[in-house]
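Shown next, in structure tokens, is the structure this report addresses.
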Amino acid sequence: MPLVNVKVIEGVFTPAQKQEMIRKLTDAMVSIEGENMRSVTSVIIDEVKSGDWGIGGKPLTTADVKSLAAGKPKG
Amino acid sequence: MPLVNVKVIEGVFTPAQKQEMIRKLTDAMVSIEGENMRSVTSVIIDEVKSGDWGIGGKPLTTADVKSLAAGKPKG
Amino acid sequence: MPLVNVKVIEGVFTPAQKQEMIRKLTDAMVSIEGENMRSVTSVIIDEVKSGDWGIGGKPLTTADVKSLAAGKPKG
Amino acid sequence: MPLVNVKVIEGVFTPAQKQEMIRKLTDAMVSIEGENMRSVTSVIIDEVKSGDWGIGGKPLTTADVKSLAAGKPKG
Amino acid sequence: MPLVNVKVIEGVFTPAQKQEMIRKLTDAMVSIEGENMRSVTSVIIDEVKSGDWGIGGKPLTTADVKSLAAGKPKG
Amino acid sequence: MPLVNVKVIEGVFTPAQKQEMIRKLTDAMVSIEGENMRSVTSVIIDEVKSGDWGIGGKPLTTADVKSLAAGKPKG
């Protein structure tokens, strides 16, 4: 039953990282709900276009998120 | 009012099948809520990238879903 | 895989009608995707509080939706 | 905390209009919740493929929405 | 067509504030998309239970959000 | 930026388990995206009413999920 729906900005994560995300988020859920629930636990990743996500009214691009992840100030 | 939001993996359904999906899901809702509600019943189809949907921690590709639909074992 | 997420205003549908909704929406999906997909087809119904859904800026209550379904003018 | 998730049909709004949407929806929320909440207010815009949104069982294309916005009858 | 789905923590906003939210978010959308789109613009408010929303791994309660809105430090 | 939205059936998880869920899902995301992204990673848990979630057309109740988690056959 549990459904985990992740929204990220496109181009931030590689396909390999998204596979890791599916595996780790499922493991996190299973560690709480128990192993019997693994086969009914789903993870869906939705990608949002660069610029189509705003925080505090300011659009975030893929580049902004990569800078943030790298510890650089935006802009 | 009712809003039906369907998530599917991209490339599994043709545009014609998605039109049929919109029509049939609307008809299913109207058969319960009554004909007066038809004009305010919406269906939205979201497509998720191949591999970005996992069940039990394992990513599903468009090809996996087509195999499953055809009754073939995955992989 | 397919996930059907329905949003309705609370109190409009009885538990029996919501069970019928789950069954009929699943049948509608299976009629398109094929019987092999039935066991992986999910339907989730979310209920929104009366008044917390607006169309054209005007809040809809449970009573408004029942009037609309019954073919009566709002208000 | 507040999260505003907008769904629109792709190609209806330009990138500049989507930036304006993020700014104006954030301002609308802040006018109610107070300026202290601005930095934790997010807006996410999801685009749905042309034809993958139906009202009353009829698919809407990008062109249909543009006609509607321009005040022209559909079709 | 446009659908605006707002998620907030329960108990933060009064019913009157939620009506204002529906009206102002609709007006914000209409100011971009044009007056002809007003009747097909929907706003849905979902309330999440106090404590069921986390930022940076820390749960937020209704009281936390009210403190934040009032400009008080959390905890 | 990343937003993790979990849907579960109400009454399956205790408040303490939901806090653990928020913490562990955030940690799983941070292990991939990096520690700099922690403060902008959100988790939202939505609870669906018992019986309002169907798999293969059959409604699942809170009791059904608890039986499944305990490794008992449904019904």
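By letter and in written order, the chains are A, B, C, D, E and F; residue numbering begins at 1 in each of them.
One rule holds in what follows: contacts are C-beta pairs under 8 Å (C-beta built on N, C-alpha and C of every residue); 3 or more make two chains touch, one makes a residue touch a chain.
Owing to the predicted nature of the structure, the values given are computational and were not obtained by experimental measurement.
Common neighbours of chain A and chain D, by the contact definition above: B, F. Placing every chain at the mean of its C-alpha atoms, the farthest one from chain E is found to be B.
Comparing mean CA positions across the assembly, the chain most remote from chain C is A. Overlaying chain C on chain E by C-alpha atoms takes a rotation of 120 degrees, rounded in steps of 5. At the interface between chain A and chain F, two copies of one sequence, more than half of the residue numbers in use appear on both sides, so the contact is built from largely the same positions.
Chain centres here are Cα means. That of chain D falls 15 Å from that of chain E. If you average the CA atoms of chain B and of chain D, the two centres end up 22 Å from each other. Chain D has residues 3, 7, 27, 40, 42, 44, 46, 53, 55 in contact with two or more other chains. Going by the touch rule set out above, the chain pairs that meet are A-B, A-C, A-D, A-F, B-C, B-D, B-E, C-E, C-F, D-E, D-F, E-F.
By the touch criterion stated above, chain E contacts chain B in their complex at residues 3, 42, 44. Chain F makes touch with chain E in their complex at residues 15, 18-19, 22-23, 26-27, 30, 38-47. Every residue of chain F that touches chain C in the complex is listed here, in rising order: 7, 46, 48-49, 51-59.
In the complex of the two chains, the chain F residues touching chain A come out as 1-9, 12-13, 17, 20-21, 24-25, 27-29, 31-34, 36-37, 40, 53, 55, 60, 65, 68-71.
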